[in-house]
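Presented sequentially are two complexes of subunit A, the first with subunit B as partner and the second with subunit C.
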Partner chain A sequence: MEKTANATPTAKQTLIGTRVKKPDAPDKATGKTRYINDMVLPQMLIGKVLFAGRPHAKIVRIDTSAAEQLPGVHAVLTGKDATGLKFGFVRDNVALKDKVRCEHDEIAAVAAESEDIARQAVALIEVEYEDLPGVFTPEDGAREDAPLIHDNFPGNKSLAFDFQHGDVAAAEAASDFVVDNVFRPHHVTHCCMGTSCAIADFDHNGKLTIWTQTQYPYNYKMDLAPALGLHPGDIRVIQPPIGGAFGSKLDVYPYEPIAALLARKTGRPVKVIYSREEEFKASPTRQPAIIHMRTGCTRDGTLTFRSADVLLDNGAYTSWGPTIPVIMMRTVSGHYRVPAVDFKAQAIYTNNPYAGSFRGYGNVQCTYATAQQMDMLADMVDMDPLAFHLKNSQKSGEITPQKSFLRECALVECLETAAQASDYSRKRKEYAAQQDAPGRYKKGIGLASSIHNAGGAKIHKSDGIGTILKMDDYARVTVITGASEIGQGIDAVITLIVSEELGVPLEHVTLVNNDSDIAPWDVGVHASRTTFIAGNGTRRAARKAKAQILAAAEKVLGEPAETLELRGGSVVRDQCGTPIIKLDRLLRQMHFQAEPELVMVTDYYEPKSEPEGAQHMSDHSAAYSHAVHIAEITVDTLTGEIKVDKVTVAQDVGRIINRMGLEGQVEGGLAIGLGYALSENMLLDHGLLKNASFRDYKLITAPEMPPLDLHFIESDCAEGPYGAKGISELPTIVIAPAIANALYNATGVRIFNPPMSPETVARAIHERRMQTAPGKATTPSEALAV
Partner chain B sequence: MMSVETEIRFSLNGRPVSLKVPATMKTLAMLRDRLGMTGTKYACGEGECGACTIEIDGKTVNSCLMYAVDCDGREVVTIEGLRTPEGLHPVQQAFVDHGAVQCGFCMPGMIMQSRNLLANNPELTREQAQRGLEGNLCRCTGYTKVLDAVDAVAATNTCGGRANP
Partner chain C sequence: MSETIEAITTYLAPRRLDEALQAMADGEATVLCGGTDLAPQTESGARQYKARLLNINRVEGLGGIAADGGEIRIGATTTVAEIRRSAALAKIAPVLVEAAEHFASEQIRNAASLGGNLCNASPAGDMSPPLLVLGAAVELACWRDGAAHTRRVPLEQFFVGPGKTVKLAQELLTAVVFARPAPGFVARFRKSGPRPALEISTVSVALGARVADGRLGDVRVAMGSVAPTPLRARHVEAALEGRPLDAATVAAAVAAAAEDAKPIDDVRASAWYRSHLVKVFVEEVLDDVRGN
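Moving on to the complex of A and B:
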């Protein structure tokens, strides 16, 4: 019984590793996409927040009567409306404050019929403050006589982490060389192009619907609920398209419960949306830190120990930000073979803005230190850094002191590939020799590498994902998944995988992944986990569906299921590719047969990783990956300006799934790292942000983006979907120290307090000249003359 | 406090529009809040990011800086106006095909600016494109694929002249 609709045999073709377009790109390119920022609901009110604008103060008096009387104002809330509704990582935050602990503390909020009225109402709120002395560095916060920021956190102490392995003192005694530096990674912020926005609405059963930018929808319910005194089960999370996240949407920030409190009070939907200035002041930052790092090695270039003493500027409240030591310590202990390790981190409350998670999650800060110390030690033992790195590189199968199991480790391949492609060793020698030669412009080349979790990170009891896959009678596939799309392209990855497994066209796959009442559990977009975790979940669900379809085909066609395949929208004979029955027709038969069958499968994928645990001794990710960046730069020694001429990237990606999406993630991630390295810097003066605009806070622009030479190493991860590993954080992590090492190669100076801005670099070059040749060619005009 | 409203008439994506706007209203707010044209984005409101880029009489402007009353009598084209009856404009299509779109929030402005650069210089080089897009910030893509898309359109010279002749 041949039911051939199309007798042309369909050859086996794979989509894995091809270039697949993002399904949502056409709507985004035409302005059709309705972002959360664009949304308007019937009866919707606009919420506006009154920020404190001072870093530390008591609220003596607050008078909202004038604001309340303004026509068009529906509600005015203050700290007393949120009393006791503590939320946050250690329950130290509240949506509306009764004391000021940082500049952007939310003092009052208004819901009004228009943005204009809301703004006027906010201006009418009278607050009398009594300013308190503040603390603006973690060192100051840790002092015994420091003003206390939260009464219940003595010593201004927030989170602390530590990890020890081996005998550091003995290892140090056995070291021939030790480098000892203090690095001060700075405050930067995410700068999502779409500013923060939430819309909240309560129904009359007390259930909250919140349209939000969260990248963490299920834990979001748990995190938001205490800020409202709600049960998490009474929150429905809807995730419309958003203008970027990069980690900033992992935490609940106060504007979200504020929107909900205003909605509850008014009985109407309330939208809170930030201006760019508010976004700069009141959205998360990358966690700043003071990293005292020491690394030792023997004369032959073998690493002996690493110790890191980290003081984190917690800011006023504890978010995901100060949890970054969990990742920092994996790099300190596990990047290269480190026999003895001592890691300590303490977060100290200050009156500065507080961090959230940010792409690279602590590893950006940490690798800025580790990768420069690798370079310094290579210099001390007089080895080519490449050789020094290779000598200490792990191989597949090694286990780090924290029990990260490097099953498929391509560090050596990454190093060799990048070095060869960029002609690193030759150029490095040549440029070093030119360091003190006359001339204003100096070339430099620098190598850096890091490790990062590439299969999620089991910081919760589960790092899993639920997937529902259903097919209709036209053989259209709907994947209902917890995996959020925040611009990173999981939509393309899931579409590609379904198409690969079920042989349906890419356009016949639809994603439903933005409503917590519909989509199943997931742990969110973070820890470079989504392609890995959701990719596995999707593949497993698709394979279950396929097994069901082929079993049905066996019944209808009388041919054994093992000999059949799904290809080109039909059931085909696997061997020859001859189509036997169209898939839609078979699905209809399944629906209409005597014992009807629906193709609708569920899957719960839980990666084989171990919970992080308080001891930090666990294989916490299902995969680990490495990347090497080699930066080539030209330094203007007069102005201190660094021009990045080219970056060579070699990254272990496990296996390429969507090549176009992968390239885009690496390019974009690297651009964020470039901004971090060169220009981005939140200028805080006693806790007040002085550069809250794109004019004064400099992102990388198109002309500054260097050409990239990308090399993807495919280590074929056994646990990853088709062998893939997570990829999107390493590009942000590795670039800054590669540039720092190139700067050293070019000029002999090192910058310990990024960014490597022109002023900082010019000053360092000037100081070095003063030291190396006092009184000679040291002034700018003289430098210009040579 | 009633602000004075002025009646203005202009062409929006080839169709006549007339409405009353307050003297202080910016074009971006008029497009988004009064006319429901939400394709054009707000990302800074200070002329620093290019997300709000539109074309007026063939020139790109930051609509967040321009007063709405100044649209009177002019030809205004927004991202929604690029689409042709056949589908996406070649520049839009190139952005889709080259993976230039991630979160997409900067893209309306980026595409308007790219299209204008290409229309004024069909042989636009990569360096010229980089300079021409300096005022358009993107936090997602690192601009590489944006430039690839612009290169591809320049190579095939498919951009055409004015956005909405």
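Moving on to the complex of A and C:
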């Protein structure tokens, strides 16, 4: 049931579940927003980076003298200016390099009066390289005779993860059917509309202020400090409005310390901003992987085991990409009831661009495998995939082998809702029967699901958030929160919750959440956590304020606080909603009295979740959620083009807070997932990116967005704010295998190496036909008939 | 902006053609019309500005579509959007309007000119295959001995290689002309890429022919993105000329397509896929004509 937002909730109305617009939407839509990319500071210099442009090399000689002499150039820095300033997840990175390990390695940097001068200066830097043999696949990197990329990482081995549960060998012996495939998910990148940008400035006490796009400002200080030899306490992080992050700003990347090194050297503010081409080449990627997965089941369709042996393409440095197995293994062990599990993952250094975190965080790659194997097994046991999924679905209260406690589990409801809404079972049968019938265009329908953390993920010592809430004499509320806004809509959620709790209009709530010297600590925007964590923190702070106000009201009005409520900008009688005193008047009375009090409260909320731990046996999130996607497609079997006709989504959201924000997140997440499935692909040739432009890197655009049929299942999460769960990653995770399963339903073809581009699909269909009837057809369409 | 734009010392936006031709008589002018190819190419460094930038948008007589007589004439500065909206062309040469509809995006169509699209000489240029099957020619004008001179070059002789044409540096492409198609003329255009919107052709195929008594005559077939230039597919044409439009003819034309299309592997597609698509599209446009 759709509810309409009222500017101020009255006694019987609630804002929870209504449609509330993002507070910054009008400014963004009209071009008023000043993004970080627009910012200019007095005396500001422009920094420009010289990239290596080759994948693996020694730097024999570097001569910066011509660049230094160019008028308007204030500083030229090279690897020697960053010696020893190692940073990164395993301290394998440095802002300016003394050896080339990937195409975008930063060799030198210039600060100059203008971008043109900086560009000219970069062109004047002479570097003599000695190219080294490179490693461009994780298999090659793992070979004994492979060239070593980092001297201190033998075997090119980066991070490794493993998890075992139950007796896989025995479970396999007891299996009637086993599927065994190798999936090769590919390189994609975030394509934020706002390219990477940082502005750095030092004061004379040596304190750094950095304006940057980070989505985790507090741990960011800790991560940036070693890249500059600074104390984290001497870094102030300011987050102006940004044009997207999607996980790409969940780490420190070299352009940020480069801006700071140039600022320190010149004593002036320095801005580094990437062009679109630099953005393509120098941004993190989604981690490509080689996933050897096996899943078994018995004749009656009961899953017996799942094993995954994963080799990850780490790229040249270790950012957050190689940690994705932490989430991958939760899916391998927890996507349906799997009694025995064997998971191994090894990240291998290569001379490719290096991976960071990206919405869906490993689960995109992993679910592409698990959800297709579910479909394959259903086929082998000759069951409707819906029935097969239902048979193996977990129910509320179950605990996965990794100890994820599925307290409220709506997987069955998601499956049934999506299947019913799309008429899945009937269509699947009908389309499968048409698979080998004549005809160029084939319809297909595919079902996929996944599980994801929906209450944060305790991969740090704390997964909490600090909130400060204050009210002024006019009943305006300021929420000073650690929750960063990177476009995902936490501004609307926090405003809505404050308005709900304190009965003030939405427009009377202001957020301060972009300055690390002001706002209290938070882990950052990741793991679908912000609505869950910041929503709880905000509600707790607002309720503390409310308790203070109602206690004061009790004194003033002589009515018990329990019988009072805050609604419509007034203190009201709870039962009938009759206003008794205006809230602003009460606040002034509280303030200007003999014993004055201001409403200003603090809260630190820590979710009830357990640290991940080395054994990976913990309830690491305060909630888990499922989503089911059913994709309906039409395949042009000659050109290989897939047109997505419709996607039906059923997702457990716990409880809807802001329906408009929820819809936006699901639609946006699907657009990223569709691009991953169908068209996006970083084309690397020996580590060099060949399609560093939107002309040749194909994002999904508006005409390709299919109609969506969204169903939100409200499982009412006991830990979540008003029952809500985190929602933002599942839409990106589930769609690709739903399309892959639909493609199989339509054509009998499976794609193990996404994207399912027209060429890949056409070739697979062509090869399948050549196997059935080689060389008989004289025209493409005749080949369809044989 | 990069340093390349600083190479420009003179900017000219004349109103008369002779002024424009004089301004480029020494071959040292960069011609600007829609700028949709020029701007990204100079920005990326693939192309350099000359000292003189010549904006031809204001030159009188260079725009517009004249479709009244036996010869159709489209001025060089006519935008792709104007072609797309032209009611006259929709009647006379709908294949051209269809190609304009599939051209890039709304914003680019509004700016990009027909002349610029042809002079850019991309093997994937969307306007080339339909104009080739219409038998179009381009008019090239230059200033010599105190007067303007114009020559006509058939479009199929215009392209030399990727980004290269027979047009001299002192010449300006002023118009595209083609004879009004005879009654019974049919034409088709088909292109493809990995994504419907904002697409650069993976492969395109155009067919133009006169259909009489179930047979094809005056057949022209053109292909894009299968060779260094847009080309006439002579083998496919030979397989179709004078033949009854039946399954055997279609099969022969499809087989002949492999003789004409010599595609390469690149970022956008493999040679195998391009060859495959050419066959698919040749069959598709012929089947479409058969269905009429």
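Methods note: the second predicted complex is superposed on the first by the 764 of 786 C-alpha atoms of A that agree within 3 Å, B and C clash if a C-alpha of one lies under 4 Å from a C-alpha of the other, contacts with A are read in each partner's own complex, and residues count from 1 in each chain.
Just so we're on the same page, contacts are C-beta pairs under 8 Å (C-beta built on N, C-alpha and C of every residue); 3 or more make two chains touch, one makes a residue touch a chain.
Given the structure is predicted, the values throughout are model-derived calculations rather than measurements.
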Contacts of A:Leu708 with subunit B and subunit C, given as first, second, both or neither: first
Partner chain in contact with A:Arg119 - subunit B first, subunit C second, else both or neither: second
Subunit B versus subunit C as contact partner of A:Asn691, first or second or both or neither: second
First (subunit B), second (subunit C), both or neither touched by A:Gln771: neither
First (subunit B), second (subunit C), both or neither touched by A:Ala762: second
Touched partner set for A:Asn152, first subunit B, second subunit C, both or neither: neither
First, second, both or neither for A:Leu638, with subunit B first and subunit C second: second
Partner chain(s) touched by A:Leu683 [first = subunit B, second = subunit C, both, neither]: second
Of subunit B and subunit C, the chain that contacts the larger number of subunit A residues: B
Which superposed partner A:Gly487 touches (first subunit B, second subunit C, both, neither): first
Contacts on subunit A seen with subunit B and repeated with subunit C across the two complexes: 695, 700-703
Subunit A to subunit C touching residues, read off their complex: 116, 119-120, 277, 638-639, 641, 678-679, 683, 690-691, 695-696, 698, 700-704, 757-759, 762-763, 766, 778-782
For the subunit C and subunit A complex, residues of the former touching the latter: 1-3, 6, 44, 192-198, 200, 202, 250-251, 254-255, 267-270, 272-273, 276-277, 279-280, 283-284, 287
Residue ranges of subunit A in contact with subunit B within the complex: 19, 21-22, 24-26, 28-35, 37-38, 190-195, 241-246, 275-276, 486-489, 660-661, 663-664, 667-672, 693-695, 699-703, 705, 708
Residues of subunit B defined as touching subunit A within the complex: 32, 37-46, 48-49, 51, 78-80, 82-83, 88, 92-93, 95-99, 101-108, 111, 129-131, 133-147
